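For reference, the structure discussed in these notes is given below.
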Amino acid sequence: MTHIKRLLLDILKPHHPDVIDFSKALARTGNCQVRLTVAEIDARTETLQVEIKGDSIDYEQIQAAIAEMGASIHSIDVVEVEHNAADRD
Amino acid sequence: MTHIKRLLLDILKPHHPDVIDFSKALARTGNCQVRLTVAEIDARTETLQVEIKGDSIDYEQIQAAIAEMGASIHSIDVVEVEHNAADRD
Amino acid sequence: MTHIKRLLLDILKPHHPDVIDFSKALARTGNCQVRLTVAEIDARTETLQVEIKGDSIDYEQIQAAIAEMGASIHSIDVVEVEHNAADRD
Amino acid sequence: MTHIKRLLLDILKPHHPDVIDFSKALARTGNCQVRLTVAEIDARTETLQVEIKGDSIDYEQIQAAIAEMGASIHSIDVVEVEHNAADRD
Amino acid sequence: MTHIKRLLLDILKPHHPDVIDFSKALARTGNCQVRLTVAEIDARTETLQVEIKGDSIDYEQIQAAIAEMGASIHSIDVVEVEHNAADRD
Amino acid sequence: MTHIKRLLLDILKPHHPDVIDFSKALARTGNCQVRLTVAEIDARTETLQVEIKGDSIDYEQIQAAIAEMGASIHSIDVVEVEHNAADRD
Amino acid sequence: MTHIKRLLLDILKPHHPDVIDFSKALARTGNCQVRLTVAEIDARTETLQVEIKGDSIDYEQIQAAIAEMGASIHSIDVVEVEHNAADRD
């Protein structure tokens, strides 16, 4: 089975919801730790660097949660995956 | 349950209360560690970088304590949250 | 037996598959950890820095997987190998 | 109970007492470790960066000791506090 | 007995063999770990920084292996040795 | 009891004794570790950065040893002290 | 007893012997670890930064070994010594 262990995403977010609720929503997509850094704030949007760590991150759920909150993934900057033949898919 | 584990806030504070009492008040909102750095001091206000760490930071209480002391949150720079499906909400 | 323990590759990749699926495919060539960083994105390609770590990386399988996804190895920047006379070839 | 764990003070000190006796006097205000760095020396005064660490620093005693030796706190640069509801005030 | 524990060599290598096979050949001169970094690539040669670590590196075998592959040692940048009177020569 | 745990001194030393004997003499003032770095050498003197670490450094003995060897303390740059009410003076 | 634990020497060495044999000779003056870095190479000499670590470095033997190989100590940059009253001289 191949697990996504870490993602570093560049995200463009509207001012609402705030970064607290935004991080919580991402963390709830699985047993994840989310570390969100506000890189830039302008009139309408916030540019965020979001690191997500977990045993097995569900990227589709992450994409869905982000879209649901009116935000968008500007780029995937870092991906860390691990394959372990012993775990069943 | 989703827990806020760490916050880095940019805060604008009047000279009173001093940074000692200000930090103590924030720490008392829960079992938190507070690390306050004075970034700038001018005639009427102090710009502070405040890092708050804890097992489960209560952001509403933090906001209330800050407002009560006549200070304001200029920006939330970093948020770290953790979701653990095993903990009940 | 001589084992490749770590590779740092400079890779040129078309936009599809995305970096998530690309990393997963590389990790599946053996029990590997893959850490992919997007260095540059232009109209048609993405320049990636890909670090692969494992107990015994199969370089031929890595080359095949990369070619199969329409990407190419621009350069091998770092190689780490270990020889242990005690392991049989 | 809320404990002050660490202070970083900017202090202006006359040449006497010397930095050895000055540090010892601050440490004696409680079971503290004091790390004093001389930032600047001019004709009449020395500018010191003083880090004080302890389980529970008594800031009032620190202020009193500093005043008693003819020195003054130019600024409090960093404060670290911890609140532990389990300890009685 | 005096053991060479670590060498940092600046090596000039023709394009063939590639850096994978080149590193493996160096590692096989003893139970060594080899970390090869490609510093520069030009039309005919590659400039490599090669770190070799082991319990007791055989420098003569290293020199022979390098010459056999048509490469040359530009300089020895770092040598780490250990003498232990207790080990017999 | 208040103990001096660490001192960073800026010392001006004549060429004799050499830095080996000079360091040894300072270390002998108590169970100390001395780390001496030669910052500058000119025709008549050497400017040294001397770090002294110990469980309880005797500063008077350090001053005496330095004077005895014809050197002088240009400045005390860092002092680290610890007070432990439990140790008797 | 006072022990020299670490020396950082700036050494000027002729091209022969090479840095491998030169380091081995220094290490053999006692149970030492020697880390030699080539700082500069010119037509006739090599400028070396040599770090020697050991439980009790014999500086006289080091000086003798260096002179015997036609090299010279340009400067002693760092000395680390430890005094332990419990060890007999």
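Before moving on, here are some points about what is shown:
Going in written order, the chains are labelled A, B, C, D, E, F and G, and every chain counts its residues from 1.
FYI, a contact is a pair of C-beta atoms (placed from the backbone, for glycine too) under 8 Å apart; a residue touches a chain by one contact, two chains touch by 3 or more.
This structure is a prediction, so every number in the text was calculated from the model and none was measured.
Common neighbours of subunit A and subunit D under the contact definition above: B. With centres taken as mean Cα positions, subunit F sits 43 Å from subunit B. Averaged Cα coordinates give subunit C a centre that lies 24 Å from the centre of subunit E. The set of subunit E residues touching two or more other chains is empty. Arrangement of the chains shown, judged by which pairs touch: one closed cycle in which each chain has exactly two touching partners.
Order of chains around the touching ring, counted from subunit E in the direction of subunit G, is E, G, F, D, B, A, C.
Looking at the complex, you find that subunit E touches subunit C at residues 18-20, 23-24, 27-28, 30-38, 41. Residues 2, 4-6, 59, 75-85 of subunit D are the ones that touch subunit B when the two sit in their complex.
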